[in-house]
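Next up is a structure, given as structure tokens.
Going in written order, the chains are labelled A, B, C and D, and every chain counts its residues from 1.
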Amino acid sequence: MRTSRLEAFSDGVLAIIITIMVLELKVPEGHTFADLRHTAGKALLSYVLSFVYVGIYWNNHHHMFQLVRQVSGGVLWANLGLLFWLSLLPFTTAWMDETDYARTPVVIYGVNLLAAALAYFVLQRVIIHGQGPESQLRQAVGRDLKGKLSPLFYSAGILSALFVSTHDRLGVVLAIGCYVLVALSWIVPDRRIDRAVRDFGSPD
Amino acid sequence: MRTSRLEAFSDGVLAIIITIMVLELKVPEGHTFADLRHTAGKALLSYVLSFVYVGIYWNNHHHMFQLVRQVSGGVLWANLGLLFWLSLLPFTTAWMDETDYARTPVVIYGVNLLAAALAYFVLQRVIIHGQGPESQLRQAVGRDLKGKLSPLFYSAGILSALFVSTHDRLGVVLAIGCYVLVALSWIVPDRRIDRAVRDFGSPD
Amino acid sequence: MRTSRLEAFSDGVLAIIITIMVLELKVPEGHTFADLRHTAGKALLSYVLSFVYVGIYWNNHHHMFQLVRQVSGGVLWANLGLLFWLSLLPFTTAWMDETDYARTPVVIYGVNLLAAALAYFVLQRVIIHGQGPESQLRQAVGRDLKGKLSPLFYSAGILSALFVSTHDRLGVVLAIGCYVLVALSWIVPDRRIDRAVRDFGSPD
Amino acid sequence: MRTSRLEAFSDGVLAIIITIMVLELKVPEGHTFADLRHTAGKALLSYVLSFVYVGIYWNNHHHMFQLVRQVSGGVLWANLGLLFWLSLLPFTTAWMDETDYARTPVVIYGVNLLAAALAYFVLQRVIIHGQGPESQLRQAVGRDLKGKLSPLFYSAGILSALFVSTHDRLGVVLAIGCYVLVALSWIVPDRRIDRAVRDFGSPD
């Protein structure tokens, strides 16, 4: 089975997810800058965060499938699993926005990110399993330190929102901080940290 | 005529259908977990069901067109027929959700699934007819036991919702059970049942 | 310039237009069959009509670009012109629905169809002009009787809605009849009438 | 890394943006021509403007990537940056519409256009930088007079809306005039001005 249609379909779904979130941005009621800031200020922040996350997934998906030649039924379904969790992002993003970053929605957003990360991990495993002992992808992935640390950070964010200081917003701020940190770790260091991680992970 | 544009167009439509359903998920009014469960709990269930159905159709469409070289006008229109019925899924899914799985919406959802299944069957026939007596697709399809049982199960679901026990929700539960069962039969057994069906169907 | 990206972009836009219309279908308020018929009955009719029209355009676009090798700036803009008019279809369809087929919306829907037909004609001309005296497309198009009659029928529909019998709904019914007739002329006769038209048009 | 998936993804996002704006067009409440003009008249104007802008970007993107063979991580992110700003166009367009072209929304629309232009410029630079001293794209771009003048015109529009005559609508009209002018400069002169600009820019 060829990978081209799977890639085209995934591109389509990711393109729609990334664009659909703008529909969630409510047009301000008034016509002043204050109205804009009031209505869309924080919404824009979470829109950017989710946009960046979908961008990261598209980017990684793109890279991963360059090492894939054959697509089995298992890969198709693992891929749909990833797309499913990503397709919920506009929903969880909107809930987080509209409740002004209340505790539960921030937790659920983190759970969504965590589930997507696990779905990506499963997809990776299914591909590696299918490629057999000389899997090119396994070599490219290496120890995958970043891939393994991300779920830990998501979990830390979720736990912060749940248990840290329910009186003020410290827990929520910490949680968002974790989510932003993971996103940054996947964009910024494409060269510096990546290489370090690879060097760090290469000995074995 | 090449199949590539037909596949690209179908991929686009299916990608949009599968993603658009998330727009139907209403963002909860409150900010607690109970609000989420109340507003989106059941909606999420039917969202998953429809997501899986569109995934199955994409998957099967993908497989089928690997055996198609030439596309006639008839195939184009049969394909549009299939896309038409699938494009109604977000609508029938939303109605089923919003009425909390009332009888008629559950029936209509089943009719939608049934119509899509028949449209798929027509598409398959049109392709086989066009390929002539040595059709590769006919050989691959074989007896197509699963393809022929699915409409029976949809019909059983529709009839259950219509006639079984209008006092409690037994009929509706049976109907949803039928719809879920068909979906499962197309995902889970990619290996075991598929092979059995093929062996069972190969003698002739 | 290659045609592949123009085709991919057009496929994307047409796929979205054809699918977005389902978002216009309002979910019925109640949960009975009568509610469905009341809310979505006529909407479904015009949804089908617009679906078929976008399908026809995609179909014809697909055919036409099989005879195109090079894409100039003029073709890109003529193509965007066509996509523009088609992208208004969900809007004019929704207005026609929501006003229960009132006179003006039916006229505007016809104007939209007419404008799309003219934009298609312009696109065809720009391509033929670019291909020079030995244009393959010109030969394939021939006299293009159907392409020339369609605008006449749209105009007839528009005029009917405007001037025929403003007391009852005869004018509107005639208009819708014209729009349906043109659509049918592009689907049904792919073989019989097409060949007849071609034979009729081939002498010169 | 191949450019095909980046192009496909960008095509998808641009196709969705260009089509999603029609969802912002509110269906008129009444059924008369006056209702249509009242509700959708100005909206249609800004819809056309944004449609043309996305068309221009798609067109230029298409041209630019014909000179690109390899895609680096930097190009992927610069491309996502461009898509991000363009994905905000439906939002800023809708705000401008719904406030009947009030001052602040017109300014914000201009800022959006300016940001997209800068993102495009950054994308171009990143590609040229990656191609090294003999960059084909650098030669093709030349002095890029039009690319450099556009941000000036956007800025002029923004400043007009901000500071010219807050008593009447002169500032806003000037601003819209600037935005329209830039759009025209990218469509109309595909031949005349383009060549002039190229001749004017070729000496060095």
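Basically, a residue touches a chain if its C-beta (ideal position, glycine included) is under 8 Å from a C-beta of that chain, and two chains touch if they have at least 3 such contacts.
Given the structure is predicted, the values throughout are model-derived calculations rather than measurements.
Peer 1: What angle, rounded to the nearest 5°, describes the rotation that places the Cα atoms of chain C on chain D?
Peer 2: It is a rotation of 90 degrees, to the nearest 5.
Peer 1: Residue numbers at the chain B-chain C interface: does the shared fraction exceed half, giving same, or fall under half, giving different?
Peer 2: Since fewer than half of the residue numbers are used by both chains, the interface counts as different.
Peer 1: So, comparing C-alpha centroids, which chain is the farthest one from chain A?
Peer 2: That would be chain C.
Peer 1: Counting in whole Å, what is the centre-to-centre distance of chain A and chain B, each centre being its mean C-alpha position?
Peer 2: Here chain A and chain B have centroids separated by 28 Å.
Peer 1: What is the distance, in whole Å, between the centres of chain A and chain C, each centre taken as the mean of its C-alpha atoms?
Peer 2: The computed centroid separation for chain A versus chain C comes out at 40 Å.
Peer 1: Hey, what residues on chain A touch two or more of the other chains?
Peer 2: 8, 12, 15-16, 20, 23
Peer 1: Would you tell me which residues of chain A are touching chain D in their complex?
Peer 2: 7-8, 11-12, 14-16, 18-20, 22-23, 25, 27-28, 30-33, 36, 40, 48, 51, 55, 58-59, 62-63, 66, 187, 190-191
Peer 1: Tell me, which parts of chain C touch chain D in their complex?
Peer 2: So the residues of chain C in touch with chain D come to 1-2, 5-6, 8-9, 12-13, 15-17, 20, 23, 73-74, 76-77, 80, 83-84, 87-88, 90-91, 94-95, 98-99, 102-105, 108.
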